[in-house]
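Let me begin by presenting the structure, written as structure tokens, before commenting on it.
Chain lettering (A, B and C) follows the sequence in which the chains are written, and residue indices restart at 1 in each chain.
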Amino acid sequence: MKNTLIKELKELFRDGRIRLAGGIVILLLGMAVWISSSQYHKIKQQNKISEAHERENWEDQGEKNPHSAAHYGTYAFKPQYPLGFLDKGIEKYAGTSVFMEAHKRNEAQFSPVIDQTGLARFGELSPDFILLFIIPLLIILMGYNSFTKERELGTVSLLKSQGVKSNNILFGKWLSLFLPIIAITLLLFLIAGILLSGLEGFGWGSLFLLLLVYWIYYAVFINITLLTSRLSKSSSIALVVMLSVWIVSCLVVPKATGNIADSKYPYPTRQQFTTSVLVDKEKGLDGHNPWSKEAKKLEQQTLAKYKVDSLAQLPFNYDAFRMQKGEEHEAKVYQKHYQKLRDQFAGQASTYRSLSILSPFLPARFLSMGISRTDYHSHWDFEDATENYRIITQKFLNDNFAKNSSYGDWGYKVDSSFWKDLPKFNYEHPSLNKVLEQQLFSLVILMGWLLISFLLLLTVKNKI
Amino acid sequence: MITTKKITKKYGDFTALDQLSLNVKPGEIYCLLGANGAGKSTTINLVLGFINPTSGEALINGKSVFKNNIETKKDIAYIPENLMLYPTLTAMENLDYFSGIGGQKLKKDQLESLLIQSGLQPEAFYKRTNAFSKGMRQKVGIAIAIAKQAKALLLDEPTSGLDPKASNEFGELLQELKGNGVATLMATHDLFRAKEIATHIGIMKSGKLKQQFTASDISLPQLEKAYLDTMNYKELAK
Amino acid sequence: MFTYNFKYELKLLLRSSWIQLLTLLLLLLFVFASYNGKQKVDKRTADITSAQTVVDTSDKETLSILLAIEKGEDLNLSPWVTPTSPINIGNQNPRVAAMPANEMAFMSVGQSDIYTHYVLPKVSGDDFALNLSEMASPIQLLFGSFDLAFVVVYLLPLIVIAFSYNVLSEERERGSLKLLASQPISIRKWVFQKIGIRMFWISIMVLLATTVAFLLNDIKSFDGYVLFFVTCVIYMLFWFGLTFAVNIQIGKSTQNAFVLLGFWIVFVLLIPSIINQVSDVLYPVPSRNQLINEMREHKSEAEKKQDQILDNFLRDHPEYAVNNDANSKSFWHSYMASQKIVKEELQPLLSEFDNNLAKRQKWVNKLQWLSPAILVQQDLNTRAGTSKADYENYRQQILNFSNEWRDYFMPLLYNNQVFTSEHFSKLPIFQYKSDKSIINGYRLWGVLLLTSIVLVIVIITYKLRTKKEYSIIQ
């Protein structure tokens, strides 16, 4: 086996085409890492400035009614997880800032793609592009003729007559494809690790898990490539078959799945979503509307609870109290509607999962984004965190309003030092365990791909 | 008809052909003998214009091969060592195609008679050539050559890999063509066949024409001795 | 030579099942893609229609209330829903400002999955908050859509490459090249004819697939149908040109496949992404976050000086101050005033932002000539009305309409006028006007130009080479 390995590696390194292709891949990877890391640092820097600025705006409100401040609201900026620079995932298509205001839950807005030219849709020269698309291609170019070339050169009978076990040849060839890929990716990840190690939230565990996912993904491609090479009549057939496999699994299946998922589980339009939220909101308490049925009901309940005759006799400002109650109702409405949206996506996700049988790219894609915290789940996690913060902020403001003023006192203003008492918005990315829990299925599917492709590779006989 | 004038072909430092001069007249069959790498195939490739000479000239019917490549090829028929046809086309279709692209428009009965002339068994005419043996493919090649009514015939190891019967038939066919005034240049290893068919024989080594004979002037044992002497010469010198 | 090549090429292609296989493949791809496109267009149309229905219903209701009030009935409505207040109408009875799909929209999803196709601008809404991005799963956006444009731009070149990467090398590898080369023909011409013939057949197959795909969308525009086919042919011409170049230059089949695949990666994947990223570096747009910061500061300032702003505003806009006594100043008066002030203050910032985006787009437009893939994608997008420029055009129209809408209500508000049924019939209406100048035939000429550049390079390198021999002998 060792001999086969060494012979194969020698052949690979002597092949000018492979050297050229390998060189180009490494060059592209270097470029991608450089571009990506400088972008990452730029965004991180920008976020830091914006956050500080926004907090300044908040603390500098001066004397003001707390509810005015609630309407003025505050912004949260989505921080990037260090690994996001390796796999940008959905970052380009997801909003980067959330406006948190009274009565209203806003989605993250301003996704980078809307500020880019139409070319943005062609893809991006980023590490994940190289890792997910180009390296499998390199594997194909390196391995498509592993077996066919032996037949074409007639060396296969020579090898057999030497009494080399065919499994040893197979493993030798397998390793000769895997080792160079391991070397390239290990180097990349080590560099990434060193670049990122100082950053907050970075964990080597996630980095190595990410690397492992890619190794499994590459192993699957090596298996399929060798399998094809074993089964093909000639090198050029093997090459064409493998390129088709690549196109189908990396381009066609993801897109087609997207379309199928979207037509089976469509999202509402923004206007439809807003309208249905509004309908549900109106069914309950509106903090600004003391005349509605719900408001009257709350009034009766509160008066009964505190055993007083009029709202003015309550020990707190009833306006603020009602507003807080309204806020709570609205939060529930939003919760319900966003949950619906997520259920819709859960349906889409199940489509992605079931069609993962057609493409090892899909589970690898989802795992990679998950571990890099740039997937949809991580995005939601951030949006949820902002919603929690919004709810806390509203309560903080309404409670102060209720406690320190009396009914009807809309002129009440808090001290300018009050704003500092609101805790800062602090977001922590989901833990690796949580990510793995979410991506368990993808992991299972990817492992399934690995095992089945291995089994097939071991059981098939060479053609001719 | 087929003439080379001090033709030389170098690949870097390696001289594949060194100042070779040949002349094959109509009705002659010139056999080039020699070991692998002696320059036989290079000579044929040069005459066909597949490769360009480093110096010297090859002429067909007095016209330079390199200056009028397409025109001179009208006069040449060539049967490569391992002649391959389109496997999904039948013998008839292959013949029709290869003669057709060269400008020979032939009718069905003409095609059939050409194949008969080449000696291909009639039941194979309308069969796809993917299952054809080398001999059968070669017969289609000969039919293509005859169809072309070429004045020069170039053959590269035509008898290697043929069974003796097929080889014999092939020899007879060449004789027939010779009678029609075709000049034939043939590279071969096969001394016996060369002696039998050729009018002239040349022995090549290291790109040079070492000896030339008129076939009728020499017996097979003499030819064999001359051949072995030429081959061993350098080894002895070593 | 041509008639024989033509006759036998067809036989060979049929017998090796290439034609059957490709026809099936193309039909599958085109039909699936156009079905996806149709679904998107249908959803878009249905969404707009249903939004319009909602508005129509609410309009009817409002009008009947208005008429009732005008007749003197007392409906006992809360002040913030009563339609006699202009601001209520401006907020609660918005118009649908829609961008309907054009007849070719199914061809290319383009940017249509990112942007919304209808908004309902309100009087109180601020332009900054006007969110034109559509709710969509970012996963779907990341993967992109399987539309006809994808099939044409990405897959068609691959099909062309697979179909003819080995026209000459196959002959050599099979062993039939020597026999072929000994015929009195020019091999280059022969390869050219073979590739031309394949191009012809693939065009016929594409025509068939296109026809089926368009029939599925009931060929709403015959010109569009013809142009789509012409686009496919011109784009394929480029790729056939490249395969021709590679076929006569390079040796083995696998080598050809390597090189052609390399070209595909460069033209379809790398050049577009590199241009995009370089444009980011050369024409940086101040980040949205920065913009948010600035906007927030202005708003905060404006809030602090609320009353002062209204006074200033009324001084600057005396037309609004008519009939305006202190008692009738409502929340809306100062709100609208400060909104307008903030908007005016932010204007330079926003236009700088837009200017930078426009500059970047301009630069990218210049570099689109580097890749036929970009040209064709842009061409299809613009004709489908789903290009960036179309949405930019739509956005501008919305901003204008939004101003028009606001301007309609502002005088009513500041003059404390009662909104009547007569006003109701004169509300501004939005009508999307597509900008035909975005569509431009020069892109297709660009692809042709690139094709001829490829061929010219082939000819020049051939002429320059001293050894004019093909590796007929290995």
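Operating definition for what follows: a residue touches a chain if its C-beta (ideal position, glycine included) is under 8 Å from a C-beta of that chain, and two chains touch if they have at least 3 such contacts.
Values in this document were obtained by computation on a predicted structure and should not be read as measured data.
Contacts between chains trace an open chain of neighbours here, each touching only the next in line.
Using CA-based centroids throughout, the chain positioned farthest away from chain B is A. Across the assembly, the chain pair joined by the most C-beta contact pairs is A-C.
Chain geometry summary: the mean Cα position of chain B and that of chain C are 63 Å apart. One simple way to say how far apart two chains are is to compare their mean CA positions; for chain A and chain C this gives 25 Å. Put simply, the C-alpha centre of chain A and that of chain B have 69 angstrom between them.
In chain C, there is no position where the chain touches two or more neighbouring chains simultaneously. Across the assembly, chain B contributes no residue that touches 2 or more other chains.
Within chain A, no positions touching two or more other chains are listed.
Residue ranges of chain A in contact with chain C, taken from their complex: 17, 21, 28, 35, 39, 43, 46-47, 49-50, 53-54, 57, 60-62, 68, 72, 75, 77, 89-90, 92-97, 107, 109-111, 113-125, 129, 133-134, 137, 141, 144-145, 235-236, 239-240, 243-244, 247, 251-252, 254-259, 261-263, 266-273, 275, 289, 291, 341, 345, 348, 352, 376, 379. Every residue of chain C that touches chain A in the complex is listed here, in rising order: 32, 36, 39, 43, 47, 50-51, 54, 78, 110-111, 114-120, 131-146, 150, 154-155, 158, 162, 166, 173, 253-255, 257-258, 261, 265, 268-270, 272-277, 279-280, 285, 287-290, 292-293, 296-297, 299-300, 303-304, 357, 360-361, 364, 373-374, 377-378, 381, 387-388. Chain contact summary for the complex, chain C toward chain B: residues 1, 3-5, 8, 11-12, 15-16, 174-176, 178-186, 190, 467-469, 472-473. Touching chain C in their complex are the following residues of chain B: 41, 45, 48, 50-52, 70-71, 73-74, 76-80, 82-89, 93, 96-98, 100-103, 141, 144, 154.
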